[in-house]
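Next up is a structure, given as structure tokens.
Letters are used for the chains, namely A, B, C and D, taken in the order the chains are written, and counting of residues starts over at 1 for each.
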Amino acid sequence: MSMNSFGHLFRVTTWGESHGPALGATVDGCPPGVPIEPEMLQQWLDKRRPGQNKNTTQRNEPDAVKILSGVFEGQSTGTSIQLMIENTDQRSKDYGDISETFRPGHADITYWQKYGIRDYRGGGRSSARETAARVAAGGIAREAIKALAPNVEIKGYMTSMGELEIDRSKFDWDAIDQNPFWIPQGAEIAQEWEDYLQKIRKEHNSVGGIVEVVARNVPAGIGAPVYGKLDTDLAAAMMSINAVKGVEIGEGMNAARLMGTDNADEIYMGENGPEYSSNHAGGILGGISTGQDIVVRFAVKPTSSILTPRKSIRKDGSPIEVVTKGRHDPCVGIRAVPVGEAMMACVILDHMLLHRGQVGENRGKIG
Amino acid sequence: MSMNSFGHLFRVTTWGESHGPALGATVDGCPPGVPIEPEMLQQWLDKRRPGQNKNTTQRNEPDAVKILSGVFEGQSTGTSIQLMIENTDQRSKDYGDISETFRPGHADITYWQKYGIRDYRGGGRSSARETAARVAAGGIAREAIKALAPNVEIKGYMTSMGELEIDRSKFDWDAIDQNPFWIPQGAEIAQEWEDYLQKIRKEHNSVGGIVEVVARNVPAGIGAPVYGKLDTDLAAAMMSINAVKGVEIGEGMNAARLMGTDNADEIYMGENGPEYSSNHAGGILGGISTGQDIVVRFAVKPTSSILTPRKSIRKDGSPIEVVTKGRHDPCVGIRAVPVGEAMMACVILDHMLLHRGQVGENRGKIG
Amino acid sequence: MSMNSFGHLFRVTTWGESHGPALGATVDGCPPGVPIEPEMLQQWLDKRRPGQNKNTTQRNEPDAVKILSGVFEGQSTGTSIQLMIENTDQRSKDYGDISETFRPGHADITYWQKYGIRDYRGGGRSSARETAARVAAGGIAREAIKALAPNVEIKGYMTSMGELEIDRSKFDWDAIDQNPFWIPQGAEIAQEWEDYLQKIRKEHNSVGGIVEVVARNVPAGIGAPVYGKLDTDLAAAMMSINAVKGVEIGEGMNAARLMGTDNADEIYMGENGPEYSSNHAGGILGGISTGQDIVVRFAVKPTSSILTPRKSIRKDGSPIEVVTKGRHDPCVGIRAVPVGEAMMACVILDHMLLHRGQVGENRGKIG
Amino acid sequence: MSMNSFGHLFRVTTWGESHGPALGATVDGCPPGVPIEPEMLQQWLDKRRPGQNKNTTQRNEPDAVKILSGVFEGQSTGTSIQLMIENTDQRSKDYGDISETFRPGHADITYWQKYGIRDYRGGGRSSARETAARVAAGGIAREAIKALAPNVEIKGYMTSMGELEIDRSKFDWDAIDQNPFWIPQGAEIAQEWEDYLQKIRKEHNSVGGIVEVVARNVPAGIGAPVYGKLDTDLAAAMMSINAVKGVEIGEGMNAARLMGTDNADEIYMGENGPEYSSNHAGGILGGISTGQDIVVRFAVKPTSSILTPRKSIRKDGSPIEVVTKGRHDPCVGIRAVPVGEAMMACVILDHMLLHRGQVGENRGKIG
């Protein structure tokens, strides 16, 4: 019942503040014998790392992950894995002035009200820096999935940012890794996104975005009704990411507008089992995977840490106009892409293990 | 780690199938001394109960809840409470023909693939009938909240159904209980909704809808970052409801379209503490309640159990056109309203207890 | 984190009071496809049932278990199983006078202090009657184990009662089911035990006892260090039984008296893998099963519900001499035998599922 | 459901191997505002630390604990606390020869069988070195208890070692901290124990022991029946410690020999509430604290790592005589004293928080 943990059998507990000595994740329940080297995790941390280009914060952290336990001679041992990322670039002075004030739209005020104490440096525990620990843990999950189901592929990308939206008719899976927004579109569109975002940055503003994460080739049968549903756990996993305000599976909120004749995915028999005419369900029926792509989308709000002054109060209740200097992303949605992928990987692995535990292998044959 | 349980300190485990002898909820962790009588729970079950009007299924179940344990002389004892609802109106013959077929858009196929056995009668465990147990448990949660924070008010209502949407400029809180759609609008609008739905029913179709649930006067400070966030648990709670495909907190998916200057709720000092100029956050910052209204929205897909034939397969893989007779709601979103309220009540109570456990009372003073 | 639940993947939540309408267990996580009929559970309940002979309470309950969910056409479906036992023989008047007094050595006083309310009838929730629910759940566990590892055999027996002790040199496994004390000795010894107990009963007294439970043919490799150890969970499971004051694994408390040269079980290679020269470890090393017999022992205190007057107080603090009339076992240890077996079965199954979940099959070969 | 975690609201997850770079504990659920400095934890680690005298292993580790998160300006923030202890004195060469062999009585063989991989250096995860993390976490728990109930006092001591036993008629609470065995007896007796142990060491042997841990002034009312009982959690906590084979509460296994007239603690009214004529119950009735001393005892087996040759096998199944060189305690029970205290502190705090969560303050008045 730890409040800093998620997962059932594959269970991740994160710890650490933005400006403390280090942060990390304690990963429990990893199957034994999974090949794990720091570089396997580092590649995902590098994807999330700030300071790579002008669309993300200029804070420059190597974010080098160390594996302190649970891995021996390059393989997981089945015991708890400790992942640590040292904080090396902490300019705490940037944040000193916020120790007595509350940034609007930020967790400053609620942490203070609840706990009566908070590490205000860089947002402390509420900083999005915590997601580095998730990404590292997600790297473990990816390797464990690879050992169990080598064809599973997990990829995230942005589908919208402010008023921009991708053109699904020109969806290009291969383009995703070729641009700084992880959008499934060509370089021209990426340039438009960049121009749009730079304009917002120069206006001392920020903007929200939507991230979609897809898991392909996940076997049918994982997920456990009625409260350990695959979509339930995905919703919780994504909503727990900083700044996320909405989560959708498959058709998502739009399902409310559809008729039953449109929404239900018709079934036919393919060569290797059931196939579906469409995927409104997002690969999940009754909380259990169908074998189709698992599709999750989440909305990230515009960061509240902006240079434009906003009205707020101090601890003593006096009014103040807050301007957040520090170094902040104009669109935190961009860096949420690898975080969403990591959460997807953790949830998928967890449910693969749960399924194996309770059921073993799928028991119902079709055809 | 029970898959049929939710909640941390206030923990609900549901059991039962649509056409078994009974279904119910085992409720653990209720504070002692809470006044509980069956009628207190029955009122919410009656709100959810089918057969009340032509907009919902004609299945007629009294849905009478029995309290089998944990309540003594009209008060909770602090031990586990068993709530049982007997199934009295089971016309299993209506469903016999689906034992070998899979309804498109339904959990039939995934339950079969995973478990190799399923109670196909009325959808068995995957039936929305399971939500009766949640509603009963939510009734317990409401009484416990009342004992701890008497001003808390929890109310759900529909905000859209297919192409219809409420007019927020004419939002009428008092109208909600006056119409069969639980919409916050006058009788005329309700009549429009009814005409629209009857048309869909006659066309042998179904339609989706959006439900919004609001909790007023919840004290600031409940919720526990970073994975036991109030919004994380609300997202999981709502997504676990049958047919839900999306969950939003406050601004929800729309946050992706906003600028930072628009989205952050400015703070000023009110008479009784901090107040906010707006509520884009839906009453939650950093996973902790702000004291504002907690606002959750979720989309319910159109039921896949319709009279219009849909293509599917049988267990043996052969093709079939499925027509679901039975008795089904043309818009299951309507009856999801009391279910959403129940989930909200359970989550709020759970977090009030968790907060009291870890923190006692809010420790940070403002002003 | 439910306080009325135990187990990880196979999770049992019990509910109900001694004199309420019913009690039972909600069993979650049972593998699908396990054959389950009420009679399979009833046999163990009959073993625990009071009123069978003069060594146990004369309360006469059929203790008939009903399966309300999770079983379809004689097989588990993988969803939550509800087991209910109705209370049919409640002579509440026997207990009326204890509503204002606290029996020495009984949970009356602590339940009252903590909760400020208690169902005092027959001990309410603290009654050993709760263990009927465990025994029913244990019946499910036994069938699920049978499906996974047919050779596993679980048996409990008494090893001591007051000043009597079994003679291990004449241990007779087959005699266990032939006498009312479940002792592994012949009929003559059983007669001695009976005479001894009747004497104690006539003296209006009660006596403690020790129960040993053995699980044979449990595969090596189940159990998960360092807090989900097999022995850790067994210790918790047994200590949670009413009146238990001590739990031992293998050599138990006596290990403190041994030298390292005596205690370590030497290993040699048998035909089917490693074998051991002795079993001081009780079949568990480092929290993981060795493949030897798993041996657990627990001490049950003499019941405090006796006819001999004992000094105590009333709710108002005034002194009183308490004589507990009701119907009580002179040695509750006897009926703890099937309860201990049930707990063993639940823990073994749970760890078999956990092992399959995290590891699949044992990965380390020897020889 | 993490296998390396214990506790409900105050939840500790440990990680690390004996000879890896570091080990530690992730502590979740600590109340905010608790004063915490490294020295507060270090004092308990120093008590457990090896190399202090010839009765314990000569391994010399400073065991310096670092607090990496969750503490800000000397106070807990309510977020997850990471405690890290670096391993500085790892003579791995001592252990190289055991990579292919299994020590009798040790977890070597079961870890191998289960996981197919193990960090064999110094026992890896199964090393008693893991308990350093518990002791550090216990230091946090002690400070949090101090903030909630300043009078609580937790102390452990040995009551027997091999054939030696303390003389309870000469019990001296103040002597405990004055001798290296933590026995409640004068220096003369301690000398006897030392002589006895040195003789065993010189004989290349080891010996078991019994540790008793007492918690004084714990308020009545903590503990939650029927599976979250205080004694249930204490039994699990103690049994999870390396080499523990038995756990007793109050009268313990001896309760089996008593009559009901002897065992029940009579109650009378004291100045500040109920008092008891004796404490056979060990301060717990029905799983809930009575306000008396909470008394737990556990037996620690003699370590299997001894210089006397023992028969065993290699991975390939071939026979071998094992002599464990390394540096090992002749009686690991001695260093189990601070570990038992730490587990007691964690369990007591956890249940104080749980009680506050569900109940608030005790609701039942007496007198």
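We take it that a contact is a pair of C-beta atoms (placed from the backbone, for glycine too) under 8 Å apart; a residue touches a chain by one contact, two chains touch by 3 or more.
Keep in mind the model is a prediction, meaning the values are calculated, not measured.
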Minimum number of chain-to-chain contact steps, subunit A to subunit D: 1
Pair of chains joined by more contacts [C-beta pairs], B-C or B-D: B-C
Computed distance of Cα centres, subunit D from subunit C, in Å: 26
Centre distance in Å when subunit B and subunit D are each reduced to the mean of their C-alpha atoms: 45
Approximate Å spacing (C-alpha centroids) for the pair subunit B, subunit C: 38
Subunit C residues counted as touching two or more neighbouring chains: 1-5, 8-9, 14, 29, 32-33, 78-79, 114-117, 125, 225, 354, 358-359, 363
Of subunit D, residues touching subunit B in the complex: 1, 9, 29-33, 78-79, 225-226, 353-354, 356-360, 363
Interface residues, subunit B side, partner subunit A - complex: 1-6, 8-9, 14, 102-107, 109-117, 125-126, 130, 160-163, 200, 205-210, 220-229, 231-236, 238-240, 245-269, 274, 277, 280-282, 284-290, 297, 299-306, 308, 310-313, 315-319, 333, 354-355, 358-359, 362-367
Residue ranges of subunit B touching subunit C (in the complex, touch as defined): 1-5, 8-9, 11, 13-17, 20-24, 26, 28-29, 32-33, 66, 68-70, 72-73, 75-82, 84, 114-119, 124-125
